[in-house]
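Going in written order, the chains are labelled A, B, C, D and E, and every chain counts its residues from 1.
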Amino acid sequence: MEAFFANLLNGLSWGMLLFLISMGLTTVFGVMGVLNFAHGSLFMLGAYLCLQFVRWTGSFWIGLILGPPLVAALSVLIERFLLRPLYGRDVSLQLLLTFGLMLFLDDGVRLIWGAAYHVVNPPEVLSGSVALFSRSYPLYRLFLVILGPIVGIGLWAFFTYTLWGKLLRAAATDRQMAEIVGVRVPVLFTAVFAFGAWLAAVGGALAAPHQSVGPAMGERIIIESFIVVVIGGMGSFPGAFVGALVLGLLHSFGTTFFPQLQMALPYILLAVILLIRPRGLFGAES
Amino acid sequence: MLSVRELHAYYGDSHVLQGVSLEVGSGEIVCLLGRNGAGKSTTLKGILGVVPPRSGGVFFNGVEITGRPVYESVRLGLALVPEDRRIFAGLSVQENLEVAALPARPGQKAWTLERIYDTFPLLSRLKHRKGGNLSGGEQQMLAIARALVGNPLLLLLDEPCEGLAPVIVEELGRVIADIKQEIPILLSEQNARFALTLSDRGYVIDKGVIRFEGTRRELLENREVQSRYLSV
Amino acid sequence: MSTPILLQVESLSRSFGKFQALSDVSLEIPRGRLCALIGPNGAGKTTFYNVVSGRYRPTRGRVFFEGRDITGVPPHKLVKLGLLRSFQITNIFPALTVLENVLAPLAVMHGMSFAFWRSLSSQQKLVEEALTILERLGLAGQSHREVSTLAYGDKRLIEIAIVLACRPRLVLLDEPTAGMNPEETERMIRLIHELAAHSEITFFVTEHDMKVVFSVAQTIFVLNQGRLLAQGTPEEIRANPAVRQAYLGGSLDAERA
Amino acid sequence: ADKPVKIGFAYIMSGPFATYGQFAKQGAELAIDELNAKGGILGRKVESFFEDTAGKPDVGIRVIRKHVFENGADVVMGLDSSGVAAAVAPVMMELKTPLLVTHAATPDVTGSKCNRYTFRVSLNINQNIAMASAIAADMKSKIWTTAGPDYSFGHQSWEYFQQYLARKKPDAVFLPQAEVAFSPAATTDFSSYITKIMNSKAEGVLISLWGGNLIDFVRQAADMGFFDGKRDILMTLGAATEVLYALKDKMPTGIWVGTRYWFLANDTPVNQAFVEAFSKRYNVYPSYNAHGAYAAVKAYAAAAEKVKSVEKEKIVEGLRGLSLELPVGKITIRPEDHQAITDGAWGVTAADPNYPIRILKPIRKFSGAEITPPVAETGCKMN
Amino acid sequence: MRIRRAGSLWIVASTAFLAAAPFFLSTYWILILTEILTMSLFAMSFNLLFGYTGLLSFGQAGIFGAGGYLAVLSLLHGPSSLWGAFAAALAGSALISLVIGWFCVRRDEIYFAILTLGFGMMLFTVAHNWRSLTGGSDGLGGFTLPPLDLFVWRGSLADPRHFYFLVLAVALIGAILLYRMVNSPFGLMLRSIRENTQRLSFVGADVRAVRLCAFVVAGTLAGIAGVLFAFFNRIASPEMLHWAFSGKAVLMTILGGSGVLLGPAVGAAIFFVLEHVITAYTTNWMVFLGAILIVLVLAFPRGVLGSLLDLVQRYRGRPRS
């Protein structure tokens, strides 16, 4: 029982981190149709900037608040000058471009921060652990478990009920027509891309106290977030939520029950889900 | 109100509009007639900038809008109902209208959602259905309604009665005549008979060139134009 | 009965969630008879086509083609049997040329889908057949243009060309003349008559253009709110007050004028 | 006045493990500068070329070929990943150029894949695990498990550990494969592995994780109460400086850790000079990988001086059986399998205000002879 | 017609160059050319799916690697025969792509991409974890290449030039096969699928079967390329099966031009030459590679070769046929 709860919490906390990262990916894909390979790199950049702010100010919160907007600002430039010329062209070009961007950013951080691993400490209030089921459990992980759903529900409500959300969905289905009904699509797209980047960077900043900060962070996370987004259904928030949870739990329980299959588990899950539900769990049938 | 001067537009290398000029004054319905492939849709798209013209000018209420982003022209008061309707498939009927809503100008009788539903009772029944699941005709209705909630000063209608049942076409004719009281319309049509029952004036376009211009009467009476360019 | 039944539909229903798009529609189409399906917007015509052509499964009811139960048979098998449809929304191969758009279905028909050792351009018979079809539709002159650059009306003709390439026995035409000018519409009507007379093809048409419907159809079915409202010869339909009220309105008089 | 001697280095210079290439480059450059300051090798200047293996076998082979065919290298050195080393070693027979492996620890390159041109100057898995098992044998824990990377290195470490410890301590029990914790290289969340170990009945844990994985593991394990003193812990590469620098005071004290080279393990003048020169030049204490590259350059120079030539075949002869004094201690390259017999050290982590990182106190040193398996055991058939 | 003639002239010229290359290029550049040709074959096989059928496969490396492993396994455990190894890889990769394809061709677009990625990674896991058979993460090496026996001529493949000719021959055969294929009725099916899958099924084509067929052909060619790759490096390693390796094929293809048969080959050449040139100057070569990629994508949206051909056509003032 105790082992079960420990695994459950492990899975939940990892799942929530995945969820935070995947949300940005799914938003950008859902609205702009751009599969952003560099999303993981923006995540990494978020972690590095958080690290930098912690070094300067000693406060994790400052890093969490100030870092992501910088990443968002950078991605405004990326969207404006790199992605924009490619809209309406073949999707594979965007893939290649963001892939190039990923190489650039991943190696770029090494030029600035070096190749070494760095460690960011969790903030004072969230460090330490609490006793749970006769085990001690890190407070910071519980924080992630609670934060994930809050952010998720907020975003979901935003997309479903606000005018902005509807505009985004309209632009997502037909960019040109949205413009014809008066939506400022270029601005909207820039905003969405920046927002996705901001989410990625928030994920990165939140991950920093949890894992070492290094140039490989992004590469490691990107495929898992792709899997989350796809099994959930591209562009779907509830999908990303469920997908992340399933993947997180699979990870923790898989470690215990199928250690030999560990590495293949996410892919097996992916294949099974896509063969049963072609558009992912929450994907709209077309 | 709208004045188009010497518009040239290309698709790749093909020169589709070869100097189109036309005018729409307030309070009138002007139709743009021509057989298919003549360049009607391209003219409408060129006016809005959806197909950016290579040369020529578009002036709306005295302001040059050539080369501006599409949404700016729309916010200045132009609205287009495209021939292929382009309903936002994933949004409900109501949401399709909400995203297109723009504030009315002072003195204008605003097209609110209520007014739309009064005018198109069909839509009010379908309020919550997904746009992509509507039938062809329902989509056409929605497309027109969607243009109206933007409270335009001028409406560009591209073949609105395509795919509509005769009863609905009649209905639509009435609606257009109604709208005309407030909003001038540039109507692109192949169906000259339908267009000419509604319009005050018309242009005939062929191969990207305006071949004839005249009042409804002149158009109705000019057999030569009809047989050469309109195949009536 | 002298003419055998080609298509037989038995109490067909289809609902989307709670919404009943088709309810209990039964009809028969004899071989060689030109039939039309009309009805107000949203009556369920396209849905009817989708069910008959295997795109949607019916919630209830059965479809027989030449006596065979084809309910739920996937589209590509129906094509092999000779049941074809065109689409209301143009549905072609945009980046291929006009010729290739016709060659593709022809290659399928000739069982050459997997012929990867033969050169396409050396298939004289195939190319000739394709050109014949294009000739018939007046598209031969444009055979090397990419179809995405054609005008809307011409794209609609490509749609028909693709259907003809499949050697159909029954063709469901969904608003074939939508977007065509009167001249082309006229040509389309002639084409349908000609094909119906000189080939084994039976046409089943939906249209909103009453001129087309009344000049083409020998039997007309009227759908309203998912139900079959009436069926009969053009004269009977014209005279039917229920149809006039639900669908035709005053337009007939306009058409006559 | 003669042509310079060209050394081709192949390390991971990009991507997640680029740190290792960087450290190695530092060590190599230090050694080369020292050599050149004294007139080079046999009076010839030493020149270096660095290429990036990206940690991938195909790229590794390409850059080694590039060194030989394009850069005209007289000798090639380096290789971090065992996979790359295993791929490259056999190719050296075709390239007929000596290769000095400085980091990759797979037993194969001086075992089943040993060959005339391939040498290793650093500790391999067996040697490191031999020390671990010697320490484990003295601990009270009887039931052992492991946390390691889920690829050859982790599995081999665990296999040798079982083999060696069973010899020393016949009543030792090892958890079956399904109950130990092997984590894929891309793992960043180790909580489920930590939980798995804590839930098992194991009393002792062999941790063969390294680099970023080890850092993540240690931090997360510390938060989860893993280091509560209830279990014996051995970290085979816990004393690597890149790990200690990243973790600083987050590295728990009182844990047995090993490494390939520990800068405080040896107070010979050679080592003191090396540590001083290195830390002065780069502002950090030398990592084992820096030492590996440094050692390889020095070994090559010694071999060249010994045979009075840098001709490739002669160098091979010079390296065989070569003995020399290095910062790590005295090493001898065994002629039968080309593995260096080198001293090793393990120690217990401790805080010391004089150092920015955890240091080892006490240190337990092992002589090369004691920890190197006999040639017969390596499976090497030299040709 | 003139364009075609000019095109064939180019092709003949570059084939002649490739055939003569060993007589004037240094050994190192021959090795690079060998790699370029191997990757060209791999990327062209990928392009049959991507450029012609519209299916983005991220699992191509899985089959590529499987081919390599099968060949090495047959050398290690079977008769030491070059053709035997090729045959084993051919049969094996065809079978594997048949199985994987059977599942994957049911899906479109991104779902196909991710599904193939999943299956590829499952193969990767097998190669990586089945240590007793595959050598685990260290890969499977330690084999000797059997001599090349052409009945009239026998030579050692350890000689880089001999190996080069083998690779050149195989790559040419692959390219010719692909050329015939894309210009056949089957090729038209593939392009029709790319354009409008649903429409093709409505004219009676068994779209899944056609796709599966393309998948198997592409997979088999990838498997053959994998053999060349493993032989060239004297090792079959799990990296060969990783999705990142598929990513390389994607990159080269888009770089060179996906709609063009030889686009991937041009892409492969650009990639290797770039890599070679940049690494000579900096260890931070990924920054530059990334930046150059970005520039190339923006400057040559149809791939380098694709855009060049467009330019030529425009210059000649002829519409694309």
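Here, contacts are C-beta pairs under 8 Å (C-beta built on N, C-alpha and C of every residue); 3 or more make two chains touch, one makes a residue touch a chain.
Worth saying up front: this structure is predicted, and the values here are computed from it rather than measured.
Enquirer: On the document's contact criterion, could you list the chains that touch chain C and likewise touch chain E?
Expert: none
Enquirer: Can you give me the shortest step count from chain B to chain E, moving only between touching chains?
Expert: The least step count works out to 2.
Enquirer: What's the chain with its C-alpha centre farthest out from chain B?
Expert: D
Enquirer: Compute the centre of every chain as the mean of its C-alpha atoms, then state which one is farthest from the centre of chain A.
Expert: C
Enquirer: Sort out for me whether B-C or A-D is joined by the greater number of C-beta contact pairs.
Expert: Output for the comparison: A-D.
Enquirer: Using the average of all C-alpha atoms in each chain as its centre, how far is it in Å between chain A and chain C?
Expert: That gives a centre separation of 48 Å.
Enquirer: State, to the nearest whole Å, the distance from the C-alpha centre of chain A to the C-alpha centre of chain E.
Expert: Between these chains, centre-to-centre, one finds 32 Å.
Enquirer: Between chain D and chain E, tell me the centre distance in angstrom, where each centre is the average of that chain's C-alpha atoms.
Expert: 37
Enquirer: Please compute the C-alpha centroid of chain A, do the same for chain B, then give the distance between them in whole Å.
Expert: The answer is 43 Å.
Enquirer: Quick one: which residues in chain E touch 2 or more of the other chains?
Expert: 128-129, 284-286, 319
Enquirer: Listing for chain D: what residues touch at least two other chains?
Expert: Only 14-15, 18, 21, 150 qualify.
Enquirer: Return the residues of chain B touching two or more other chains; collapse runs of consecutive numbers into ranges.
Expert: none
Enquirer: Could you run through all the chain pairs that touch each other?
Expert: Contact pairs between chains: A-B, A-D, A-E, B-C, C-E, D-E.
Enquirer: For the complex, give me every residue of chain A touching chain E.
Expert: Per the touch definition, chain A meets chain E at residues 35, 82, 85-86, 89-90, 92-93, 95-97, 99-108, 110-111, 223, 226-227, 230, 234, 260-261, 263-264, 267-268, 270-271, 274-275, 278-280.
Enquirer: Flag every residue of chain B that touches chain A in the complex, lowest number first.
Expert: Chain B reaches chain A through residues 48, 50, 69-71, 74-75, 79-80, 82, 86, 88-91, 95-96, 98-100, 102, 146-147, 150.
Enquirer: Show which residues of chain B lie in contact with chain C when the two form their complex.
Expert: Those residues of chain B that touch chain C are 11-12, 14, 35-37, 41, 83-84, 122, 129, 133-138, 140-141, 159, 162-170, 190-191, 193, 230-232.
Enquirer: What does chain E use to touch chain A in their complex?
Expert: Within the complex, chain E contacts chain A at residues 50, 56, 103, 106-107, 110-111, 114-115, 117-119, 121-122, 124-125, 128-129, 243, 247, 250-251, 254-255, 258, 284-287, 289-294, 297-298, 301.
Enquirer: Which part of chain D faces chain A closely enough to touch in the complex?
Expert: By the definition above, chain D touches chain A via 14-19, 21-22, 150, 177-184, 186, 188-189, 191-193, 195-196, 198-199, 211-212, 215-216, 219-220, 223-225, 242-243, 245-248, 250.
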